[in-house]
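Look at the two complexes coming up: chain A is in both, with chain B in one and chain C in the other.
Moving on, here comes the complex of A and B:
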C-alpha cells in the first residue's frame, strides 16, 4: 500500500477503561481545530454531543465467522455502520471508533481484516489505548476467574499507541512502574504521557501504525525492541533474522502456529524477504486472521532482513525464533 | 503466501460478484451488509480454502453460511442451494 497513494479513509480505534479519559480525549478531537471532518462511532452513549459532528451510537454485537479450525469474531454493528458510512464517504475524512471500557479490541480489529469491501475503502490506522496512570496497575493486577480475560491487559496488548493519561495524579515511581508494565506486555508500543488527555493529535491520528513500512521508516528497531523484563503472561517476542524465506515452509509454520496458538497470539506483524521476490512481504495478523501483501522493493545492496513481532499470552520465544529460523533458506547476505 | 487467508484488500473481484449475487438472491435492501471471506486452513483434514458468507441486516438477526470451496469456484447454482439452507448456528 505504501508504494502507491492510499486514499482509503483512516480509522482510529480508541480503547481504555472507564475513567481513563476517553471522553475527554474524544471531545478534544472533535473540538480542536485540525481541519479534519471526523465521524465518530461510539459505544458509550450520551457522553459526547458536538454540534455538526457526525456521531453515531452503536451497540456492541459480536458475530462469529468461524469455520472448522479458525475462530474469528467480528463486530456486526460496526460492519453495518461502516457500510452505511461509506455511502456518505464525502462527508468525512477520518473515522474514530470508541469502544466501551470493557471491550475486547480483537473483534474490532478483525472487522477490518475480514471484509474485502471494508478493507478496500477503510484502513485501520491505529489502536489507541488510554490508561489512567494512577489506577491502571490495579486493573492490570485484578484477578479474573478462569477463562475470563483481563481487559486492561488485552487493551494494552492490542495498542499501537498508549496515552498514559492523568500523569499529574500519579507519582514518578508509579509512572515508572506503569511504563515498565506496559513495555512488559507490549514492548514496541509508543507511550505518550498526558494530562487531561492533552495529546498532540498528530501522534494518534493518521499515524499509519498498521502500515509497517511507514512505521519502520521512523523506527527501524520497532519490530525487535522486545527485550524488556517482564513478569506477565502477556508479552511480546521480536525476531530479526537475515536471509531469504522459503514460502512453502513459512506457510506451513505460520499456518500451524496461528491455527494452534492463534487464540493466544493477539497481534503479529512482520516484514519478510521471500525467496525469489524482489519486494518486501508485509503482514499483519490478529489472532488467527492474517493478511499480507507485497510492499516496496528491496533497495539495491540492502540486506534481506526479516523482522517479526508477536504479542500474546504464554509466548515461547525460543520456539518462535527457531520455528521461523527453519523457514530461512539462504544466508543473510546483501544482494 | 496463504497461511490463513491473505488477500490484497479490494482486489478480489469475484468476492464482490458473489456479494451481489447474494443480495439479488435474498432480495436484500441496501442497508443490509453482506460479507464474503475466504478462510484458508493448512490442516490436512480441512479443505484448503473455504468461503464464509454472512448477511447482517440493519434490524434483525445476522445469518452465516459456509461453502467448502474457494470464492473463485462458487457458482450461482451453489449460492442458490446454499442460501436455501438454514444458516449455521440458527
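Moving on, here comes the complex of A and C:
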C-alpha cells in the first residue's frame, strides 16, 4: 500500500524466553521449503546450522547514544554484524535476529531508527515474541526490583506478533487467562496459537507489522479498553478520532509527550489525517524515537479518521486522548 | 610512431585493472604490493606496478580489514570470526579461527602487528605468536592505532579509547567518553587522539593533558577518520561532504572545517603520501575524487580538483606511493590510477 516500492531487506526479530520454542521455530523457518535466502543472527552459538542459511553469532552489546536521551540505546553488535552482512555480494531475502528472553527489545528496534546505514538498506518487519502458554504467567508475575522492568512484560509490549506456543501443554482456562493478560499489555497484537512452534510462516515473516496501515486498518479492537485489566502497569491505549489534524499542534504535542514520557512509552503507532494533505500520515515510535511518512491517499469521500496506539507503562488514557483531540482542527464525529 | 614515456602519462589514467571474485571491503598498499580483501573472505595480493597476482588466501567467515607491513613482507587480514597472517617467505598463510570478531589490524613495525580479537587486542609476531595482549575492553574492539613509534597501542571500544603498553594488560592511560567509538586516528605528531562516533561526532583528546573537544553536528555516524602525513590535517566522513579539520598550532577548537563537496555518501578516504594536502575520497556513487584539501580558507566549501571516471560504488582506496592510487569497487574491480605529478592532481 505504500506509495513507493520498498526494496529494503525485511528483518524479523524473534524473541522469547528460554523454553518458549524459539530454536524449534527457527529450525522450522530455515528448513521449510520457501526458497528464501535467509541470514540468521543468533545469541546462542551453534544451535541452528542449515546449509542454505548464513548463521552468525552475536553477543549483546548495548550502547547508549550520546544525545542526552537516556532511553536511547542501540545494539552495537547488530550494527556491526548487519553492516558486514550488507557488504557481501550475496543478497538475502530475509534476515532473522534471535534474541534471548532476557534481552530488551528496545535497543534492537531503535537500532533500525538510529543507524542511517542500516535504515537505508534494511527494514524492521516485525518483532515476534514466542510465549510458552504453560509457563508465561509465572514469568509475567515475577516481581522485579524497583526500576527493573519484567522482561516477559517488556517482550510482550514490544511484540507485533505473539506466537502462543505449547497450547497442547496448557488447559483452556490457562490459555484464556494468558490471552487476556497479553491483551491487557498489548491490545492490538496479533496472537497466533501454536503447537511445537508450527506456525504458517506468512503470518510471521514479511508481514509488514511496522507497515501500520495494515495493522491499524483491519484491527480496531485495540481501541476498546480490555476487560481484563490486571494490576499490570504496562498497558495500551488506543485513540480513534475523526477529523483533520493540525501538523504544528501534532508535532508540539507528540514531541513533548515523547520527550517527557518517552521512557515509559515503549511503542507508539498511528495513522493520521493531516489538514491539507490528501494522503495518510503514518508514524511509529520506539520510546523517544519516532519516524513518520506519507502513506496511501485517502479515497474520495472516505472519512478522515485518525487512529493511534500507545503501549507503555503507567499510561494516562484520558490525558493522551485529550492531548490528541486538541490537535484535531476540523470538527470530527464521535470522540 | 610515438614512444610513450612516463612524463607524458595522463593524470588519472589507468595503470592496470584486476578483479576480485568477491565484494571488496578493504585495501592496503606498501612497498611493491597491494592487498585487497572481500566481504566473503577472499584476499588477493598483487604486484603494485602491474596488478599481477602474487598470492592470495581465503579467510573463513569473511574479511573486514587488511594490512600490509611497511616492508611488504607480511600481511594481516581480519574478519568476523578470526584473522590470518601471510608472509612472503612462508608457503601457506596462518589462519586463526577464534570465533571472535576481529575488526582490524595495525602494524607497529615490520615485526609486530596488533590484531583486534573480540574485546581484546593481541600483539603478534609475523609467525602469529602472541607477544602480549590487552585486558578486555567494554565492548568489541572497533579500531587500533600505534603511538610513540610502536611502543604504545591505542584501542577504541565502547566508552573509551585505552592506551596500552607491553608491561601490563591494564591501560596505561584511559581516555573516557560515553559513546560508541567506531574509528580511531592518532596524529603522526602524537599530539592528538581522535575517535569517530556512532552519535555523529568526532571526539578529540590532546595527549599532553587529556583535554577534550567534541565536534558534533554531523548528519551521520563518523566511521572514517584519517590524518595526513604531517599530522596537521584530519579528514572525516559523517556527512555528504568530507570535512577537513586543521590540527596545526593549538588545534581545531573554535575553528570551522573545510568541506569537500562531491559525494552523497562517503565510502573511502586516503591522503596522498607526502604531506602536500592531497586527499582522495570515494563515494557510494562510484566516483573517486581528488582534492587540494588544505587549500582555501576554513569553512570553505570546495569542489574536487579532479574526479576519476565513475564505476560501481567505491569500497576502498589506498595509495601505493605518491603516484599510484588504488581504488577497489564493490563489483570486484580493482583499478590503479596514475598520478604522475607530485604537485598537481
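Quick notes
FYI, the second predicted complex is superposed on the first by the 307 of 335 C-alpha atoms of A that agree within 3 Å, B and C clash if a C-alpha of one lies under 4 Å from a C-alpha of the other, contacts with A are read in each partner's own complex, and residues count from 1 in each chain.
FYI, a residue touches a chain if its C-beta (ideal position, glycine included) is under 8 Å from a C-beta of that chain, and two chains touch if they have at least 3 such contacts.
Every value quoted in this text rests on a predicted model; they were computed, and no experiment measured them.
Annotation: superposed three-chain arrangement on chain A; chain B versus chain C shows a clash.
Contact with neither chain B nor chain C is seen for A:201 once the two complexes are overlaid on the shared chain. Within the superposed three-chain model, A:289 lies in touch with chain B and out of touch with chain C [touch as defined at top]. Of the two partner chains placed by superposition, A:36 touches none, neither chain B nor chain C. When the two complexes are overlaid on their common chain A, residue A:254 makes contact with chain B while staying clear of chain C.
Within the superposed three-chain model, A:119 lies in touch with chain B and out of touch with chain C [touch as defined at top].
In the superposition on chain A, A:71 makes contact with neither chain B nor chain C. Of the two partner chains placed by the overlay, only chain C lies in contact with A:56; chain B stays clear of it. In the superposition on chain A, contact is made by A:89 with chain C only, not with chain B. By the document's definition of touching, neither partner reaches A:275: not chain B, not chain C.
Which of chain B and chain C touches more residues of chain A: that partner is B.
In this superposition on chain A, the options for chain B are 4-12, 22-30 or 40-48, and chain C clashes with just 22-30. On chain A, the patch touched by chain B and the patch touched by chain C overlap at residues 61, 63-65, 67, 74, 76, 79-80, 84, 87, 114-117.
Touching chain A in their complex are the following residues of chain C: 22-23, 25, 38-40, 62, 64, 80, 99, 101, 103, 139-140, 158, 177-180, 197-199, 201, 219-221, 315, 332.
Only residues 45, 56-57, 61, 63-67, 74, 76-77, 79-81, 84, 87-90, 114-117 of chain A touch chain C when the two sit together in their complex. Across the complex, chain B is touched by residues 1, 61, 63-65, 67-70, 72, 74, 76, 79-80, 83-84, 87, 114-117, 119-121, 247, 250-252, 254-256, 258-259, 262, 274, 281, 283, 285, 288-293 of chain A. Within the complex, the chain B residues that touch chain A are 1-12, 15-16, 19, 30-31, 33, 35-37, 39-43, 46, 50, 52, 54, 56, 58, 62, 64, 66, 89.
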